[in-house]
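I'd like to ask you about the structure that follows.
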Amino acid sequence: MEIAGRTFRSRLVLGTGGFRNLGVMAEAARESGAELATVAMRRVDPTARGSILEVIEGAGLEVLPNTAGCYTARDAVTTARLAREALGTDWVKLEVIGDDHTLLPDPAELLDAAETLVADGFTVLPYTNDDPILARRLEDVGCAAVMPLGSPIGSGMGLLNTYNLRLIVERANVPVILDAGVGTASDAALALELGCDAVLCASAISRAEDPAGMARAIRLGVEAGRLAQRAGRIPKRLYAQASTPEEGRAEF
Amino acid sequence: MEIAGRTFRSRLVLGTGGFRNLGVMAEAARESGAELATVAMRRVDPTARGSILEVIEGAGLEVLPNTAGCYTARDAVTTARLAREALGTDWVKLEVIGDDHTLLPDPAELLDAAETLVADGFTVLPYTNDDPILARRLEDVGCAAVMPLGSPIGSGMGLLNTYNLRLIVERANVPVILDAGVGTASDAALALELGCDAVLCASAISRAEDPAGMARAIRLGVEAGRLAQRAGRIPKRLYAQASTPEEGRAEF
Amino acid sequence: MEIAGRTFRSRLVLGTGGFRNLGVMAEAARESGAELATVAMRRVDPTARGSILEVIEGAGLEVLPNTAGCYTARDAVTTARLAREALGTDWVKLEVIGDDHTLLPDPAELLDAAETLVADGFTVLPYTNDDPILARRLEDVGCAAVMPLGSPIGSGMGLLNTYNLRLIVERANVPVILDAGVGTASDAALALELGCDAVLCASAISRAEDPAGMARAIRLGVEAGRLAQRAGRIPKRLYAQASTPEEGRAEF
Amino acid sequence: MEIAGRTFRSRLVLGTGGFRNLGVMAEAARESGAELATVAMRRVDPTARGSILEVIEGAGLEVLPNTAGCYTARDAVTTARLAREALGTDWVKLEVIGDDHTLLPDPAELLDAAETLVADGFTVLPYTNDDPILARRLEDVGCAAVMPLGSPIGSGMGLLNTYNLRLIVERANVPVILDAGVGTASDAALALELGCDAVLCASAISRAEDPAGMARAIRLGVEAGRLAQRAGRIPKRLYAQASTPEEGRAEF
Amino acid sequence: MTVVTLNGAEKELPEGATVEAAVRAAGAPEHGRGVAVAVDGEVLPRGEWATTEIQEGQKVEVLHAVQGGQ
Amino acid sequence: MTVVTLNGAEKELPEGATVEAAVRAAGAPEHGRGVAVAVDGEVLPRGEWATTEIQEGQKVEVLHAVQGGQ
Amino acid sequence: MTVVTLNGAEKELPEGATVEAAVRAAGAPEHGRGVAVAVDGEVLPRGEWATTEIQEGQKVEVLHAVQGGQ
Amino acid sequence: MTVVTLNGAEKELPEGATVEAAVRAAGAPEHGRGVAVAVDGEVLPRGEWATTEIQEGQKVEVLHAVQGGQ
């Protein structure tokens, strides 16, 4: 998969929220095969122990900063610039949340922030809802990918509106990364089968009983879905189709 | 997975119906990682070229005869006995079809045939509908596994009634092998996530544009679903759950 | 709707289970517009007050005895005969349950009981699962209608497998009455839209907060679904279809 | 139902697009029981025969102008003002379309147009997607109701994302009118059961084989759904709940 | 005395008691509308209640219609 | 003559023609109920039709209500 | 000659022909691996092919494994 | 003393303290890798920390990367 000219072998991006501790995260990161892991920007905590950057890089992943927790374009833009300064990357997973109950994106603020950050030289990967029109507008203002949700962050409800996701995939000229809602491996496989280029998972892995096991499960689900999408599935048929020849049946 | 005391590494069983030719079948068989491949019994065809037995065994799989095309318990029983004589195995995938439009099983005839074959020393794997009561009755008469459908043979509609499948899994004391209806990798993953022990696929693989590719995809889907089922997925939640700490958010 | 030569104006049959008291039942019965109400056969209870028969007939409905609680063909047949003797009707809603956890019908026992009762001159309306083959067999042995479930009794999950229900309707030559699973008015409307001839509701009405209100709601849902089914709905389309002419658009 | 201080008896709004002719429309309008019917603004056509206004008013409905066909806030605002001038109403059903393939609304342009028209004294009823955040923003700028879609205009796919619709209903302080996507009566009933205050239908009625019949069906579906929503449906249960007492069962 | 199982419970009835007596003993309403009887699993038509003597040890089920169903 | 774009088409109107004339030229019904006019994108209230002269090259849109919507 | 129904078709076999001959006549591969025979609906074990004579009018089905299933 | 709002809390810093001092005061790791600073909502490049004096009443946010997201 190629995003903004960079090639990735893995089609799974790891969200680091929700892990019990850095050790569990590191193990899951390795099992996931992911090449990118999100981080959020927060105030320095003198009491904090262990550096998430070292753990992520130690596991062979690169850091992808996000703007989690921002409710306005202005805050998101400032946060992205701080992340660039702190982490030396101009890639940002852009989040501008509309309310803290659903954590759904605010369409207008998101579009506004995306436009500003693109103009400022960022490689912008926006977390968006499943509206095909908004996805198109985000692409139009220069986003390097679009990251529609399957269902709300952490809900694990899977892909609520596969019709909209199909439309987004059908008309996108940038990679489509399903973000939020994946609860288990079959959700991830389905996303790839619909034509999504990749999946981002946080809670599905970090909050599973066995995060490393689920990381591996979702990694395989992503590979399975991608292979299936390329292998050309059979059409759905209303009636059965015998898989055994009628001809040559015995008569006893 | 253990069936009738035998252990299998693979949780995918290959149906051999629908392949363009034996070469394509052999390649898909290898990619699938399956250990069992179904065959049907038909009249000897002097003009036939190539032996399916050699191809299946050459690819390292064992033959599992079925009773495809039988509409009565009597025909199914005779066919199973001929298969035992011809192939030297007392395992049989029992099919007793109720009509050639839906290829759905005939509950009463199926139960009757299963009882007779068990008494005759067969290891019986019955293709059944998704009725939990019938599944229980089949287990009661001594079937070594139950093989409920997800949707009609060759329809590729996936798992139409996950509720019934859950009930079957919940109460079965023998392996549950999802048979029929799988159209793509995510269907197979879902079946394992629901608690099915394995999946049988024929058309989904044999009639895909790229059978070998789909064989590999479904194999990975099965592994993904099994791992996910064991890793303990997160519960579905109606509302979002932040995967990023509120604490430490900046105020600009 | 015609069943066994009798014409009914209403396409809603009332199940009387679950009502708080006979007064609530009577009011709901009137609001439902139903012409038939089921009753079960139980041991005489000297302490019981009020006669359900008088209440049902007082509300202008006829009694339809069922064999609720029977687990074998033998018990169901005896219960049907007692009902005929007690109530002077040879109509029976036949229930033969497979287990008390799901209350799903036992296919083999059901078919057996149906055959016996038809031979004994009963007008048999069997509660069956959603298996099209079993529905066909029940019709073949002479049942006057088939009563497939949408989902388990009292579950309110609606119609879990509309595909099977379509198949049943498509091939039935007797009325198809959806029995069990309806939770609300839209479920009833959907059943009629799928081509079912009628719906039977008990819990959805009797256990609603306002039974009389829900009785009226489901009655209207049934009428709406029937009208819609006859009015010829528009096909589902993947893409939008403008309902406003392009022609004559202004250019400002 | 009350919108902007006006009370309506009917919870069904009629869209006039797609009718074969004004006669068919008039009959459907009467059968629908609707009190409002949408009209679009187009260039005067000298050859046109019959006045839609007379037909709508003759059937006892009021005209509700829309801005169908507008792709920008500017065009929508001008169209609304022309409609006000032509029809003497400051109510407008606001449509700002994002593309002519899906006819989905453009979030940013829609919000912008809504704000302008509210400031200009209009009673604005915006056609929006199913995004709860956008619905909230539209309410915040002073819209008198929100009109989320169930699925694209004319698609008849029903309610694709009931989860989002629930969220919109849960948090709205203005009436929620489901607009677009309804294909048949059960869709309309479901919308009301979810808590929507009303439904707008055009194609489902106008393009049905029997528009008047479908108008009546959907009218009843709306009434049924509303009654059911108020009657307090039973919860969905995973397992069956007997509707017949165990106690007093006979033992033969 | 004749001992029978009446609706699942041991019951003593006078020597030579008829099914009709058993029905009354079971507490069925006088006119007995909507009531039916099975003796040892066989339905006994109402017309024969008065003339049928109950035998020692028989299983008598006296049923009537109640709220129920589906 | 004054040349305007009337409902998307070139149209010649007599020198000093008013918007009212343009409306008639567009084929609007006499009483003109349900009709509205925009000149160069601005709505012109009916009251001003008779007194407003059309200028060369103006874009005049004369609209009325038709079946439509959603 | 003995006339039998072999895999659904009339077939003449020499007087006293055995099932083995019928199997060959049906076109089964020499070694006959993966082949089974039913005579009038009853399975005939391979061991008895050579010693079992076919009777006039019998129905002989000679089957082998083919691609199929599910 | 200079009073500023450092990561949301009132903080007294010595007259003429630089942003670098503020960063240390906030408890950032010495090498300070992965840390960034905004003064009154504007990002201040690391290169300018040592040379930029903090003014009375400024709002200083010192951030670093943490587990998070999505």
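Just so it is clear, A, B, C, D, E, F, G and H label the chains in written order, and each chain counts residues from 1 on its own.
One rule holds in what follows: contacts are C-beta pairs under 8 Å (C-beta built on N, C-alpha and C of every residue); 3 or more make two chains touch, one makes a residue touch a chain.
Just so it is clear, the structure is predicted and the values come from calculations on it, not from any experiment.
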By C-beta contact count, C-F versus D-F, the higher one is D-F
Comparing centres built from CA atoms, which chain ends up most distant from chain B?
F
Give, as an integer number of Å, the spacing between the C-alpha centres of chain F and chain A.
54
Between chain F and chain B, distance of the C-alpha-averaged centres to the nearest whole Å:
71
Whole-Å separation of chain centres (CA-atom averages), chain F against chain H
65
Touching two or more other chains - residues of chain F:
7-8, 38, 41, 61, 63, 66-70
Multi-chain contact residues (two or more partners), chain C:
15, 17-18, 40-43, 45, 66, 68-69, 78-79, 82, 102, 104, 153, 157, 163, 202, 238, 243-245, 248, 250, 252
Chain B partner contacts - residues on chain C that touch it in the complex:
98-99, 102, 104-108, 111, 129-134, 136-137, 151, 157, 160-161, 163-164, 167
Within their complex, chain G touches chain B through residues 7-8, 23, 26-29, 33-38, 41, 43, 45-46, 61-70
Help me check something: in the complex, which residues belonging to chain D touch chain E?
243-245, 248, 250-252
In their shared complex, at which residues does chain C touch chain E?
15-19, 22, 25, 38-48, 51-53, 63, 65-66, 68-69, 78-79, 81-83, 85-87, 93, 95, 127, 153, 179-180, 200, 202
Residue positions on chain H within touch of chain B in the complex are 7-8, 38, 41, 59, 61, 63, 66-70
